[in-house]
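Take a look at the structures listed below.
Okay, so chain A shows up in both of these, paired with chain B first and chain C after.
Right, the complex of A and B next:
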């Protein structure tokens, strides 16, 4: 008997691994069950599992979606990556044009290299000028984007006590109060920046990596969105998440009577809708110690549960270390294209 | 009451952060002649483990975990006061921080909290900590473990510097190191010679407890 056929795939850290059909199917199943258990959601159906297996094992380095299933892309910190990350000396308006005319993107955001609203506040009018310049050159919609990044409001960089220090010290009441205070500062800064971007005609506003500092961080995104949509109704907002569930750094924070801590994507999206956002960026963490079949099984289970209930477009985050994409600097196209295909054809996402 | 029932009460007292219940379990254990180390390890500590798992899946939150830690501290102190010095295995000392150039300390704070809840003495150096400071503080405290966090691909190289300084100072192998943070992987840990990579806070606790049992 010959050796059983093994298929090329990767681990969550990007390293190559060859797995048998049985090993792949087992990892898919385990990933699905992990998501179903954590999120208290339905597992994928047998047909969906089979489709996922076919996507993982199909020949060809890069795979594509079935004809007619192409979807749009939005992008976070996109306009800055060519310059800051790749070291190519281009301006952000040129980067936006490269995204539009060379890369075939459907939209991109203009973002500052220190990608958070607290930093941007100080240079907001200059940032608005950069956005305006890019808007003059591009046909596709341009967002302005950054992160709420509530952690930046803590001492010594910000005005409030650091709850990441207070909590381990057992100073719980102080930690909760600090988070609540930081919310007000962050919402104010974000709305101020949004106003500058609205003034120059931004097509959209991006709150990226929301919830990175926990439930209070997610509340910032929701409250800021509510105000922005009220004051600047012609400027849509995209809320992208930081992780698959909202970290309970506070634990008691609510929005519209729903406790934010512990919410998974299918529940996050409902609050994002209530806040008035137009696009939801779902995130599922990649486990770098597990295989792509395990990770993508898990991702599809979470994201499908989200798209099943969403009434606004869901754009899955498929960047480094999320939604099945390996945690490595240079993303392997074999895995990226398979993750995209699975998310589009199985989860019916609206965008990437 | 049976041993199992008392251990379960002790475990629940931690899960529910109920100090009165914790002290009641201790009283029952003494009356029933149950080994207090058994009560600590398989009762209260089992409760902490369950809480760690619940935290990892987003079912309980950090403040609740810290309330439970206070109860755990009370229970541990009560047991220690009844024991001879040396009866309770030392749980070790850890120095932890976010590396130089990196201000992201939320994850590091969670890891520090969870490890503390398991009785390890944790010295949190905060954020933007130069590699040399990790080493100096570890030497000063005679630490068993160093934990470093990096959220950026541009700052994770500082973790390598910590390993190099340990080598230079002849501390490699004497102080165990664990690395974590969004861009960090097992491959990175292997490459720089760190003793462990931990995917999340729960894994960090498991690894530390595994090491403590080897001390």
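Right, the complex of A and C next:
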């Protein structure tokens, strides 16, 4: 009797691994159950599990969706990656045109290389000039994008005490107050930048990696979106998340009477809708120590629960280390294309 | 979807402007452009359709007859019956 057939796939860190059918099916099941337990959500159906197995093991290095099933893309710091990641010395308005006319992107954002609104505030009008030039040249929608990045508001670089220092010292009340004060600073900065971008006609405004510093950081994105939609109604907002789970760095913060700490994507999206955003960027973390079948089983369970309840478009974040994509710099297209196909065909996402 | 090679930028605009999910946005754009869903994702069909309607292309030859950038966005706003922020601000600045 010959050796059992093994299929090429990868671990969450991108390294190659060969797995049998039984091993793949077992990892898919374990990933699904992990998500279902953590999120208190329904597991995938038997048909969806089978579909996922077929996608993981189907022949071909790159796989694709059926014609007509293609979906759209949005980015974070998209137009700057030609410079910062590839070292090609082009301007960002030219980068936007490259994304449009060479790469076939559906949208892209103009963003500063130090991708956060606190830094951008000081150069916001100059950033708006870059965006304005790009808007004149480009046909596709252009966002301005950056992160709320609440951690940048702490001393010594920022105005408030550092809650990551206060918490281990047992200064709980001071740590909570510092985060609440930082929220006000961050919202003010984001709205100021939004005003400059609206003045030059941004097609959209991106709040990327929201919640990176915890629940107060996510609150910043929600409150800023509310104000932006009220003051600049012609400029839609996309909120992209930092992780699958809102960390409770504060723990008591609420938005519309919902506690933010501990929310998974299917609950995050409902608050993003209430804030007035047009698009929600869902994130599920990749576990580097588990296989792609385990990770994508888990991802599909979380993201399907999100798209099932979402009333606005959901764009799954498929960059390094999220939504089944391995945690490595140069991404393998075999896994990226399988993750995309699974997200589109099983989770019914609206964009990537 | 391929952006201006097909109709990806147009579908994206409907997601932004009207918060439409992907299938609803595709159906809306297809109806406005007079194509079916298969054609909406097809680079050959959509290149001809976009050139005919002045909606902007990935290639811009011959320059005198092809729209790109702001000129194309004026036509897109009209064809899709949506408001585009960059077009509105441009009109204000140009006194249109």
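To be clear about the criterion, the second predicted complex is superposed on the first by the 352 of 352 C-alpha atoms of A that agree within 3 Å, B and C clash if a C-alpha of one lies under 4 Å from a C-alpha of the other, contacts with A are read in each partner's own complex, and residues count from 1 in each chain.
Simple rule for what comes next: a contact is a pair of C-beta atoms (placed from the backbone, for glycine too) under 8 Å apart; a residue touches a chain by one contact, two chains touch by 3 or more.
Just so we're clear, the structure is a prediction, and the values are computed from it rather than from any experiment.
> Which term applies to chain B and chain C once both are placed on chain A by superposition, clash or fit?
Partners fit side by side after overlay.
> Touching A:198 in the superposition: chain B (first), chain C (second), both, neither?
second
> Thinking of the overlay built on chain A, is A:230 touched by chain B (first), by chain C (second), by both, or by neither?
After superposition on chain A, A:230 lies in contact with neither partner.
> Which holds for A:157: it touches chain B only (first), chain C only (second), both, or neither?
After superposition on chain A, A:157 lies in contact with chain B alone.
> Going by the contact rule set out at the top, does A:21 touch chain B (first), chain C (second), both, or neither?
neither
> Have a look at where A:289 lands relative to chain B and chain C in the superposition and call it first, second, both or neither.
A:289 contacts chain B only, not chain C.
> Just chain B (first), just chain C (second), both, or neither: which does A:141 touch?
In the superposed model, A:141 contacts chain C only, not chain B.
> Just to be sure I read the superposition right, which of the two partners does A:251 touch: chain B = first, chain C = second, or both, or neither?
first
> Give me, in Å and rounded to a whole number, the least C-alpha distance separating chain B from chain C in the superposition.
In this superposition, no C-alpha atom of chain B lies closer than 29 Å to one of chain C.
> Taking the stated contact definition, name every residue in chain A that is touched by chain B in one complex and by chain C in the other, in rising order.
none
> Along chain B, where are the residues that touch chain A in the complex?
Touching chain A: residues 55, 57-64, 66-67, 69-70, 103-106, 108-110, 112-113, 116, 122, 124, 126, 153, 182-183, 185-187, 199 of chain B.
> Spell out the part of chain A that touches chain B in their complex, as residue ranges.
12-13, 15, 37-38, 151-152, 157, 162-165, 167-168, 170, 172, 175-176, 212-215, 245-252, 261-264, 287-289, 320-321, 327-329
> Could you pull out which chain C residues touch chain A in their complex?
The touching residues are 1-6, 8-9, 11-13, 15-17, 19-22, 25, 37-38, 40-42, 55-56, 58-60, 67-70, 72-73, 76, 83-90.
> If you look only at chain A, which of its residues touch chain C in the complex?
Interface residues on the chain A side: 67-68, 70-74, 99-107, 135-142, 198-204, 234-236, 238, 278-279, 310-313, 349-351.
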